[in-house]
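A, B, C and D are the chain letters, set down in written order, and residue numbers restart from 1 in every chain.
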Amino acid sequence: MTAGGENASVPELPEHRYVITFGCPDRTGIIARISSFLAEAGGLIVEAAYHSDLDSGWFFTRQEVRADSLPFDVEELRARFAGVARSLGAESDWRIDDTAERRRVVLLVSKEGHCLYDLLGRVASGELDVDVRAVIGNHEVLGDITRAHGIPFHHVPFPREDKAEAFGQVRKLVDEHDPHAVVLARFMQILPPELCEAWAGRAVNIHHSFLPSFVGARPYHQAHTRGVKLVGATCHYVTADLDAGPIIEQDVMRVDHADSVADMVRKGRDVEKVTLARGLRWHLESRVLVHGNRTVVF
Amino acid sequence: MTAGGENASVPELPEHRYVITFGCPDRTGIIARISSFLAEAGGLIVEAAYHSDLDSGWFFTRQEVRADSLPFDVEELRARFAGVARSLGAESDWRIDDTAERRRVVLLVSKEGHCLYDLLGRVASGELDVDVRAVIGNHEVLGDITRAHGIPFHHVPFPREDKAEAFGQVRKLVDEHDPHAVVLARFMQILPPELCEAWAGRAVNIHHSFLPSFVGARPYHQAHTRGVKLVGATCHYVTADLDAGPIIEQDVMRVDHADSVADMVRKGRDVEKVTLARGLRWHLESRVLVHGNRTVVF
Amino acid sequence: MTAGGENASVPELPEHRYVITFGCPDRTGIIARISSFLAEAGGLIVEAAYHSDLDSGWFFTRQEVRADSLPFDVEELRARFAGVARSLGAESDWRIDDTAERRRVVLLVSKEGHCLYDLLGRVASGELDVDVRAVIGNHEVLGDITRAHGIPFHHVPFPREDKAEAFGQVRKLVDEHDPHAVVLARFMQILPPELCEAWAGRAVNIHHSFLPSFVGARPYHQAHTRGVKLVGATCHYVTADLDAGPIIEQDVMRVDHADSVADMVRKGRDVEKVTLARGLRWHLESRVLVHGNRTVVF
Amino acid sequence: MTAGGENASVPELPEHRYVITFGCPDRTGIIARISSFLAEAGGLIVEAAYHSDLDSGWFFTRQEVRADSLPFDVEELRARFAGVARSLGAESDWRIDDTAERRRVVLLVSKEGHCLYDLLGRVASGELDVDVRAVIGNHEVLGDITRAHGIPFHHVPFPREDKAEAFGQVRKLVDEHDPHAVVLARFMQILPPELCEAWAGRAVNIHHSFLPSFVGARPYHQAHTRGVKLVGATCHYVTADLDAGPIIEQDVMRVDHADSVADMVRKGRDVEKVTLARGLRWHLESRVLVHGNRTVVF
């Protein structure tokens, strides 16, 4: 209850920016090369982050440039930056994203709704400014809330004996939107290797444990049996290796002896949904650079 | 993504229980008196908590008893327990709640929707098993999502020059439901003293700072100016003294120099909604005992 | 910098108390039986905690009674309480500790000193009121600081080819003090099964990971390779099963891509020492009840 | 207990580096200018951080350069960089520190020893590689532990009626070491304005509350009375305005109704000492840039 209103105001249109992400073997002069290129074009850097990984000898950077400070468009920027990248020995390990292109997202769900409710609320309130193209569920139960938000819901049943066809159907429904992120928002089916590959670097999962503890099924049961004093959640990229992909974000919550498995499940939901939302936001803002099985989060 | 399904199962009906909360000046034999009374009636205590406050010399307890373990109903339990309480010198500082009586809740909101979305999601998914009777907003903007959940929404405009009538209208809309909790879910109006009194011990507010820091308006602006390294939220009972009522729950989240006020507002939302949900659950489960301006949370 | 002095005052002598810990199969009337026994003797309960574990059907309690409120001494209390315990079917699963008996502790260390420095500082400042009888190290390096605190230090070298004799020597040095706790304060040797058994329920270890993640050697290296976003520490009872004993306490700390293994080691130290100190305090205050491989921490 | 030994190894000598910190009004080309200057000299940037503060329009950077990658020494680097700074309109708001110059520290204490014990332990174990020149106490009680670490201890009594002379003595004892940091490690005297000025940007205090809550004396008593659910600590630069200087670091710890003031004091100590150690490390590593009353911590 407050007399003021810092939150109630209409948000301004976000500034139009280009986001450069880049990685190459470390050496002298990389920052100078990239920043000089931008400065010569008049580019105003709004946010810049660098990381030299001493173990791997790799260099990473992410830079946000005001679009209106440059005298050319994003295609021209990409064409010119390709030369810079080539001169630094990074033919392909870079990307330039345009914030004017709204991020497209498809969500995969089962019966558990807390992550879906949370993401839809963030989108509806404008906090997460993305275009949720579709929600696909292997159960029907979350259809109503999805449609109430004006988003198409597709029910794809997963018969125990033959999941290949179901996955084929899911793939078609996803790929027609060419989404920036395929979010497994407590989707209780294991993606087959070909989908892991097709969506590599775009499939974002929330696992309901502090990985690498409690890989696989029923992690809260595992946690209860082990008697841990904290439960957690892990947002990570999906790879063919179950629950072993690059970790984007993790968080934990305290539990104690009085918490049953059901209590841990309930408390864990708050960690899951917040951790997923945070990881997804960073992914969509091009803040996550993957190198091997580790991530740099700028 | 998991092959299992600990969360997906249909929850069992919660056990029918009676919840005794009790406070009196501390002395020898209180636990013995209460537990003997229950044991003699065959009452199975499922959860018991005690606290002796050495500063104030006050004793507090909360006990959950399985309803089917007692040979009489809740009215008879109350009548009999009144004798126990009297013998311990606690005429009125006790209560027995029946979990079979579903908790009624009315929500007050303004424009900011994150707490409302969050609570509605918890109710819809069955995590928070309460009866949201109505949502009242001084703006219309959250009406659609409320109605999508099948809950009545009342728009009560608050003209700057005369809020008394608006509050009168709100009071009528709230009181007809005799709710167990009136939740100020980022309601941006200051309750007048008579409403604070009428709803004493039932009006639950979420303040968007780690109180007592940043009382009043625009706490994130205050926090940004002061340069704090953590922002927080406080769930508390509303009293006539602004943002100074008994605290039920608090939590914080890390921020740094790179966070603008808008970033702090956004990050803070996750703390606010989770802190409010936790505090509200405890309140509705009769876990919060107020003594002076402090709370015991069992 | 403060004008006041709440911390600077000389602490009062702690009150003389008896601490009862007790476990038995759950049923109606246990609390009544125990609390009536105490009330009849005039015992003033200063702190009481109960837990009914619905999964295992086990009941746990811990109670602190003011010694001067009882008309007999601790031996008589034990003799009388034995009858209560027998009547509840708990022949042996209970204990009564006397806070007047100062807790004796022996510490085992290697080269890493942060946990030792921390514990010695707590003892020296009076925060941890225990009697550190001896520190035993398989290296000499921590001898000086130990002796500076007026505590005997024993150097027991552990030759790679024959550790049995060294462990025999350690055992002798430990057992002559009959300590309430044998603390493995970053002791880098694996206890042989016979010592695990001899010190069962008294050997407290700090493991430098959030177990069950990263069991065994070099957990920070493992954590770095996996790319986790939090590192942790686990205080647990030592059993013959490596790093798998009942967990007393855990905590975590945030790390990110910029943290090398050395940074994680450094940051992790603060979690280790605080987690160990917390777990050790609870153990010495008889707050930790073990049931199977889980703990109840009151 | 672990078979391995990642922590036990002898640390390598830290690399010799120059640390540039710099601030100026934001504009296009600053990063390019600085990084080109370094690249042209062959400087290998090991760590680089940038921040554009959109509110104040100020630009901040911190860069670590390997000393052996440059063909000249630190004096020459400073001379050359002065030209760069001048060309960017930052005559004086920059500094170049040489990690080869060991950091000198003087500690001020009263009776409470937890922060002192903690810092001495970090120094003794090599974790905090600084030169503690002296410890000055307004009580004698912490003299023995200080001398046991081989560090001079000066007892300067503070008579209630005349503190000016005592402060004069402290100043002399401090200033002869020209320390990089004067640490108020729970020093219970308020620095007079002239010392705040003399040591501006070097006097680091730990306040035992989550500021701006509970300014001044006896913050844990204040916190207990208010009934907060978390207690905290704040590491900040000392200014003439009591407990209101720029905040370097803060942290919190959960408390509940069962915690007396003494419990809060005890639990708070762990937060205080860890928060102070973190803030002090950042200060000594030139990671903290002050702008107005806020800090940028790289």
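The rule is short, and it goes like this: a contact is a pair of C-beta atoms (placed from the backbone, for glycine too) under 8 Å apart; a residue touches a chain by one contact, two chains touch by 3 or more.
The shown structure was predicted, so the numbers you read here are calculated from the model rather than taken from an experiment.
Contact tally for A-D versus C-D: the pair with more C-beta pairs in contact is C-D. The most distant chain from subunit B is D, comparing centres defined as mean Cα coordinates. Per-chain CA centroids place subunit C at a distance of 34 Å from subunit D. Averaging C-alpha coordinates per chain places the centre of subunit A 36 Å away from that of subunit D. Residue positions of subunit A with contacts to 2 or more other chains are 47, 54, 258, 261. Those residues of subunit C whose C-beta lies close enough to touch subunit D in the complex are 1-8, 11, 47, 110-114, 117-118, 120-122, 124-125, 127, 145, 148-149, 184, 186-191, 205, 207-208, 216-221, 238, 242-243, 258, 261-262, 265-266, 269-270, 274, 277. Note for the complex: subunit C touches subunit A at residues 51, 53-55, 210-214, 224-230, 232, 246-247, 249-252, 256-258, 260-261, 293-297. Contact residues of subunit B toward subunit C in the complex are 27-29, 31-33, 35-36, 38-40, 42-50, 52, 54, 69, 254.
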